[in-house]
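Everything below concerns the one structure shown next.
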Amino acid sequence: MTLQFFALYGVMSALAIALLLVMIRLIKGPTLPDRVVALDILSVLGIGFVATYCIGSGRSAYLDVAIVLGLLVFLGTVAFARYLERRV
Amino acid sequence: MNDLIALPILIPLSTAAAMMLVRRNVLLQRLIGIAGSTMLMLISFKLLHLCYTDGIQVLQLGSWPAPFGISLVCDVFSAIMLVLAGIMAFATSIYSVADIERRRTAFGFYSLLHILMMGICGAFLTGDLFNLYVWFEVMLIASFVLIALGGEKAQMEGAIKYVALNLIASMILVAAVGLIYGLTGSLNMADVAVHLRDVPQQGVVLGIAILFMAAFGIKAAVFPVFFWLPASYHTPPAAISAVFAGLLTKVGVYALIRTFTLIFVDDPQLTHTALLIIAAATMVSGVLGAAVQVDFRRVLSFHIISQIGYMVLGLALFTPLAIAGSVFYILHHIIVKANLFFVSGVVHRLSGTYDLRKLGGLYAAYVWLAILFMIPAMSLAGIPPLSGFWAKLALIRAGLEVGEYWVVAVALAVGLLTLFSMTKIWAEAFWKEPVTPGPSGYPHTSGLVWMVAPIVFLAAITIAIGLGAETAFNIAQRASDELLNPQVYIDAVMRGSK
Amino acid sequence: MQLVFAILIGMLYAGAVYMMLRRSIVKLIIGLALFGHATNLLIFAVARLVRYNPPIVLKGETIPIEPFADPVPQALVLTAIVIGFGVQAFSIVLIKRVYQSVGTDDLDEIRSTDS
Amino acid sequence: MNYLVVVIIFATVWCALNGEFSVALYLWGLIFGGAALWLVESRAVTSPSTHGRGWRWLLKPWTALKFGSWFLKEVLIANVHVVIHALSPKLTIRPAVIAIPLEVKTDIEIALLANLITLTPGTLSIDVSFDRSTLYIHVMNAKDLEAVRQNIKDNFERRVMELLA
Amino acid sequence: MLLAVCSVFALAIAAPFIHRVARGFSAPLFAILPASLFAYFLSLAPGIAAGSPIAEKWAWVPSLGANLNFYLDGLSLLFALLVTGIGAVILVFAGGYFTGDRSAGKFFCLLLFFMGAMLGIVLADNLIALFVFWELTSISSYLLIGYNHKSAETRAAALQALLVTGGGGLALLAGLILLGVAGGSTDISSLNASGSTIASSALYPLILFTILLGAFTKSAQVPFHFWLPNAMAAPAPVSAYLHSATMVKAGVFLLARLHPAIADSPVWMWTVTSVGAATMLFGATMGMLSTDLKRMLAYTTVSILGCLTMLLGIGTEIAIFSMAVLVLAHALYKGTLFLVAGTIEKMSGGRDARVLGGLFHKMPMIAIAGSLAALSMIGIPLFFGFVAKEALYDAALQAPAAGGLWLTVVIASSAMFVAVAILTGMRPFFATTASPIVAKSPPVSMWIGPIVLSLAGLVCFFAAPFLGGNIVYPTVSAISEATATIELKSWHGFNLVLALSLLTIAAGLGLYAAMPMIRKLTEGLFDNGLFGAARAYDRTLDGLLRFAQWQASTLQNGYLRRYILVTICVTTTGAGAVFILHTDWSSLALTFDLRVHEAALVIVMVSAIAILVRASSRLTAIVALGVLGYAVSLIFMLYGAPDLTMTQLCIETLSVVLFVFVLYRLPQFIRLSRRRTRLRDAVIASGVGALMASLVLVASSGPADSHLRQYYASNAYTEAFGRNVVNVILVDFRALDTLGEITVLAVAAIGVFALLKLRPPSESEEAA
Amino acid sequence: MKLEEIISAILLGAGALLMLVAAIGLLRFPDLFLRMSATTKAATLGMMLFMLALIVAFQDSGVTTRAIAIAIFTFLTLPVPAHLLGRAAYFMGVPLWKGTQVDELRGKYDPYTHHLESEPVKSELPESKAD
Amino acid sequence: MRSLILSTATRLLMPLMLLFALFALFRGHNEPGGGFIGGLIAASAFVLYAVAEGTTQARRILRVDPRTLLGSGLLLGLISGVPGALGSEPYMTGIWLTEAIPGLGKAGTPLLFDLGVFMVVVGFVLTVVFALAES
């Protein structure tokens, strides 16, 4: 077993399960903020995903994706939160 | 290498970009707008001359050889379309000086108009399928904005339908382009034409052909996918309606003709029969739609559909005369239809309404306008010796020559109904006594000369095409010859690349 | 995986069409967005999927290492995405304005410009 | 002064992003960092209201290091709790929303404190009162509310003040 | 000849300006041109009679077979003389008719325009050129009929005339093109030389049908006659000129012109003759039964047109001979009668033949003209009408088939003409009325024309030999190849024909005497619109409009959903059908090679779609859309597209921001559609999905060999100095795409800005 | 496997487990605030572990510096949404779990100015608009 | 509406995002990135600022009207193709400096084009977001 194999099958599977659990929360809600939280954690999961994929594929080029995920994606959640507050 | 070919794309773009930088200065925008469109018109004439004398012109952008870079290809057909675009740009720029108010101009009307032109010229010039999609999008977004510019309620309602249905067409188009790439590994139209013949699964090729037909058909507003056009074309100011009515749908027709003479020519039995039926249904449903309208511009809008049918008819018949007829029809129709919309704008200026029931008395009051209406209207109805007659003549003769009598009968009957519609406008708006009192504040004649001048210009072209039909028809025939010999096109594009 | 992706793309298209046939303008726009995703994935997938290797020339090489992903559909999809974004931005602002001037988001009530 | 510090930090980040620390890169980093800062109107970033007493923590590397390791430890320990709570078959937690009176005053201090509280498992900053006197936090498992309050004041707030003072 | 035609058109264009300057003197000025043309053509007559027709060829649109070729033989000469001669007279009359009408410039323009077109028809030697002029006469007729355009009835009549003749014209166009195809030329003179080829062509029935349709509508043959009486809404000069003397004869002219080319068959003979005969009888009957002066004249014109057609159908030399004479005679007397009727109307305001009377004192000259014309129409010796009728009877008697039938029709009709002639040309002047009719006296310009025309009838009688030699014979020889053996004589002596003539006159007088009784008997029977073709026209038009209305409300119903539904269904069905039928499904190899994380992403996407479809809240839908977008971007990453991933992530995030900003004030979703609708939509959606899925599958089933991929990869670094091939494609290889793309963005930005900031004046007022 | 690969694998595995736990927490915890607690925390450490794994696996200066940058960026961005969402939840009236001991924040938001006060505000919050 | 935590984070994050945007822009020719991505990130930075501090502040910080960026970006993209066309080569032919710039790599007209893309993308996003936020 190589690191690549472990990353692509073992770690990825764990992350995949996590992803599905998040999806369940997304479907269940019950409130909108709950769904937004689910959306928000996707960015962290995504960073994990990217890191694992970098290791699994041996290509560091994907790392920039993680920077975008870390630096940018929270903006959606921020906008949502501001919206939710303003809507009241 | 011939950078001239890129100019019809670059001139409008630089004009538009320059105007984005002088947003506040309406006068300067108008000046730049007119200057840019004049240049576009002149360049396009130059290109037509070049293509007619020297054959197909090709530019490999970035010096990347075909099929790897994007090729701009200008054959006679493209050049004709460019000339028309140039004329339209010029006429519209001038017309808009009076028709488009300051507020719309300040919010970028002229930029949008020129970007629309850029998209249109790009679509006419490109030799690359994906690039064609890009130009369609440029055109589309510019038209979206133009149709909504001003924010009137009717504009909003029309725009939502226009946008939704045209976006669907774009998506179908880009999916079809993607599938083509999956099949052939190429995007250059000439290269695709060559490679598509070797594809083992011809079923998928036909399916894609239909997707292309649908995408361009929606853009061209053929039966039964024309809904967006009558729902929206009468909502913006007349200048915008005119350029849409004249040029925009014809880009769809152009693309149909281009792809179905260059790329999807292996099973004309299927594809062109389908086109024939579409053409007939389009002619009929368009003209019937027009028959019951009571709004000046809505009558005209439905007629666009009907006449698109004629253009598709030529493609469907697929003989040299028929294609020449189609090209000639496009040539004639762009000028005439735009001019009718221009006239409608003047009518609105003079009487404050587009509603035929409320209009009237224009013949007595403005004989010059009556004449200016009659020229394009009669040309549209195919009354000789105006341009429309020759277009119809060529198509009908082509239909009779191949023995498609039923379609000829349909075309003739539709011609009669077109005449019916035109006389309806004539009788209601010009002959009938006006309903009194009309809307207040009209006639509103300031700056009217800016609107009348382009009408006269286009009417003169209509008469010139009619009386000098031989020249125009020869050019159309040249275009037709090139279209029916795709190998010439392919060779021109691939020359020196391998 | 080609099969799975084909089905996935099919489902995206189906979802898009279903959404577009609803009466709410918002759903229409969402349908169009789905349509865009479907189309992008179609272009991406139909040019064959290759795992791991992006079409990037590594330091010291002059061409990407095979098997690398086809850069062409990537460029096409990127263009399509950006165009789609522009169009989408316009569309959603348009629906806002439509709602403001017509006062409804029920498409069936937006009919005055047709006969 | 602040401006220069920020630009230098940016130049460093630039090199870090490039994954290479060369003179040429550092120079470009200075240029682009300066440009970025100019673009956003440097005062917004370098003003005392953001940074309180400035960037003096850079001059106390030892304190900074101590702060970092303390934080890591906190994170590790707290994570164990969260794992246990999340996986335990029965929910044994006793959450609460409590108010913490604040002594820190500047924007950066308050924000850092709030973020640290959030990043540390088991606690979550919800909001700071308008008059900056109170921080409201959510605690996942608080047996003794006063102890939690005290822990935050003594550990988190004190260390933040120590670092940034 | 081109010069002749063009000069008329040029005068037409100049007419309004001249009229503005010359005022009351404009009409005589205008008349100079046709009068001199008349003289010119007359001067050519001897040459043509000597057997040397004049031909003139000008290339116009040779690619489409359209050339301005003109040909002056006997037939064209006859009609050219009519057009110019009567034209000159009518112009003078119109000058009086429109005295004081300042806008009459338009009228003269149109009338001259028509004259040019008509001249073009009769001179043209090219099918297409002929058609061009043909259509121009239809249009100018439309505009002239509608000259008094403020009345809705007038407009309807004008439209009717246009639609009927225009419709026929379109059929004619097809016929002419087919004729050109069958005969291998568009030059009439060369087609006329190849009549047998055409008659044996498979296209012949179609050619005949379409050309006859064109000719019959133009010449108001039953059942297309109805537009002509209605066209009497036109001013009198128009009725006299277009709808009696010239335009309506264009159909007859066409049949005569093409006679050598297409008449060589029994079908022709029977169709044309019987339609003509029916029209003749019908027109005469209706003419007699009408009460309106102009309608009476119109119906008898219809009748004469039928007669002419019938004669062309019979096609013997004598028949054609008779046709030529009748054309001339009819033009003279009917032109006069129309002008007379017009004058009466203008001066007294009445047109009812039953009421009018005693006008002799007010307009003696008109009365004389009317009487002379009526006598000619009746066929009294000394008038040219007599000569024509003699020839006519001769032709009917000598018809090769069914001669008795034709003769009966001719005699019956002629008898009725007698009654009509008296009713229209004499009774208004000489009958006594209970109360005197108030009328003004016409000016000289109004009576000079009728007098000239009616006297011409007398002159012609005596000039018959001259006419026969120089005009009628050349006409006959232009139509039928045989050399003319018949002489045109004023007096044939006492023979069967003369006896029949006298019988006819006697019967006609009897009918006139019995008019009140006949009227009472037939009252209401032939009311317009109650029966026949006019009703069919109305019904067709109504039905068409109803159908159009139905189509509009069905297709263009305003429901965007319906539009989308149709658009998508049509596309999918079309593409699906050909695709499924033409694809070799057996060769498709399906691979299923999926990693866990890929499967997980797919599941995420599918559930996001499910959430979207079932979402009851807009915001949930947006969250789901965001998730979907992020999942798509991760898929891009898994298959080697980091650039795409990053772009998609950024755009997805910004999209969420935009959605959130916009949806701020939009209402919540409500479940609007019914269950059945939703089910239907689901089925359609699944169909689309299935199609696209299989397209992807099949399109990507072949071997992957993209030469683009290879080229870009090997040249990106070496030629374009970039390691990221995707970016090199974007900014170098395919930079034009990118240029277009950023243009889209720029425009979208302008659009959004304008949408939000540029409010219509109405909305900004509300806000303020 | 080489040593650094083993270390990297362990780090990766631990990180993945933490993320899984975060996801489980998100699913299991009964109210919004608890769920947010679960996610932000586990994510913090999990992400650090992933970045460490990257550093160890690649042993490349470019990767190392970027991994550190990612970690720092994430620390800067992670707490912000939690704070904003928590705040919004209060305005929306998202209910706390019934087991919550005290809620010292309730009643301290001014529903009109949206200012958070240190002392209870008099005016009432509008009713729940959560969906 | 203002949040102290968000504002403070924004002041730090925003310049970092801008820096990353420039990084993505300049490195795009060789590694993932480029004008689009760079532009989107840069725009996001301003969007974040607008969300945290309000549009007026964000506009003030940007200094130029985003619509000016649209026009000038388009012009830059357009002009970048012209040098190539000055010789006998077609429009858009890339012209490259023979020597690489230390720390940046090879420079040529396609990179100018990318810069134009960057400007248009920033202009687009900001025009839209600012207008929306202000409406």
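By written order: A, B, C, D, E, F and G. Residues from 1 in each chain.
In this text, a residue touches a chain if its C-beta (ideal position, glycine included) is under 8 Å from a C-beta of that chain, and two chains touch if they have at least 3 such contacts.
Everything numeric in this text was worked out from a predicted model, so none of it was measured.
Between chain D and chain E, the least number of touching-chain steps is 2.
Listed here as common contacts of chain D and chain G: F. Among the pairs A-C and E-G, the greater number of C-beta contacts is found at E-G. If each chain is reduced to the centroid of its CA atoms, chain A and chain G end up 26 Å from each other. Centres computed as Cα averages put chain A at a distance of 23 Å from chain D.
Inter-chain centre distance (chain F to chain G, centres taken as mean C-alpha positions): 31 Å.
One simple way to say how far apart two chains are is to compare their mean CA positions; for chain D and chain F this gives 14 Å. Shared interface positions of chain C, i.e. residues touching 2 or more other chains, are given as 20, 28, 38, 42, 46-48, 51-54, 56, 72, 78-79, 82-83, 86-87, 89-90, 93-95, 97, 101, 107, 110-115.
Among the residues of chain D, those in touch with two or more other chains are 13, 17-18, 114-115, 125, 127-128. Among the residues of chain E, those touching two or more other chains are numbered 552, 556, 558, 560, 564, 568, 599, 617, 619-620, 638, 642-643, 645-647, 650-651, 653-654, 657-658, 661-662, 691-692, 696, 699-701, 704, 706, 708-709, 712, 723-724, 730, 732, 734-739, 741, 743-753, 755-757, 763. Those residues of chain G whose C-beta lies close enough to touch chain F in the complex are 1, 3, 5-6, 9, 12-13, 16. Within the complex formed with chain G, the chain B residues making contact are 1-3, 6, 10, 13-14, 16-21, 23, 59-63.
Partner chain D is touched in their complex by these residues of chain F: 18, 21-22, 24-25, 28-31, 33-34, 36-38, 40-42, 44-45, 48, 60-66, 68-69, 75-76, 78-80, 82-83, 86-87, 90, 96-97, 99-106, 108, 115-118. In the complex of the two chains, the chain E residues touching chain G come out as 642-643, 645-647, 650-651, 653-654, 657-658, 661-662, 720-724, 727-728, 730-732, 735-736, 738-739, 742-743, 745-746, 748-750, 752-753, 756-757. Against chain C, in their complex, chain G makes its touches with residues 30-32, 36, 121, 124, 128, 131-132.
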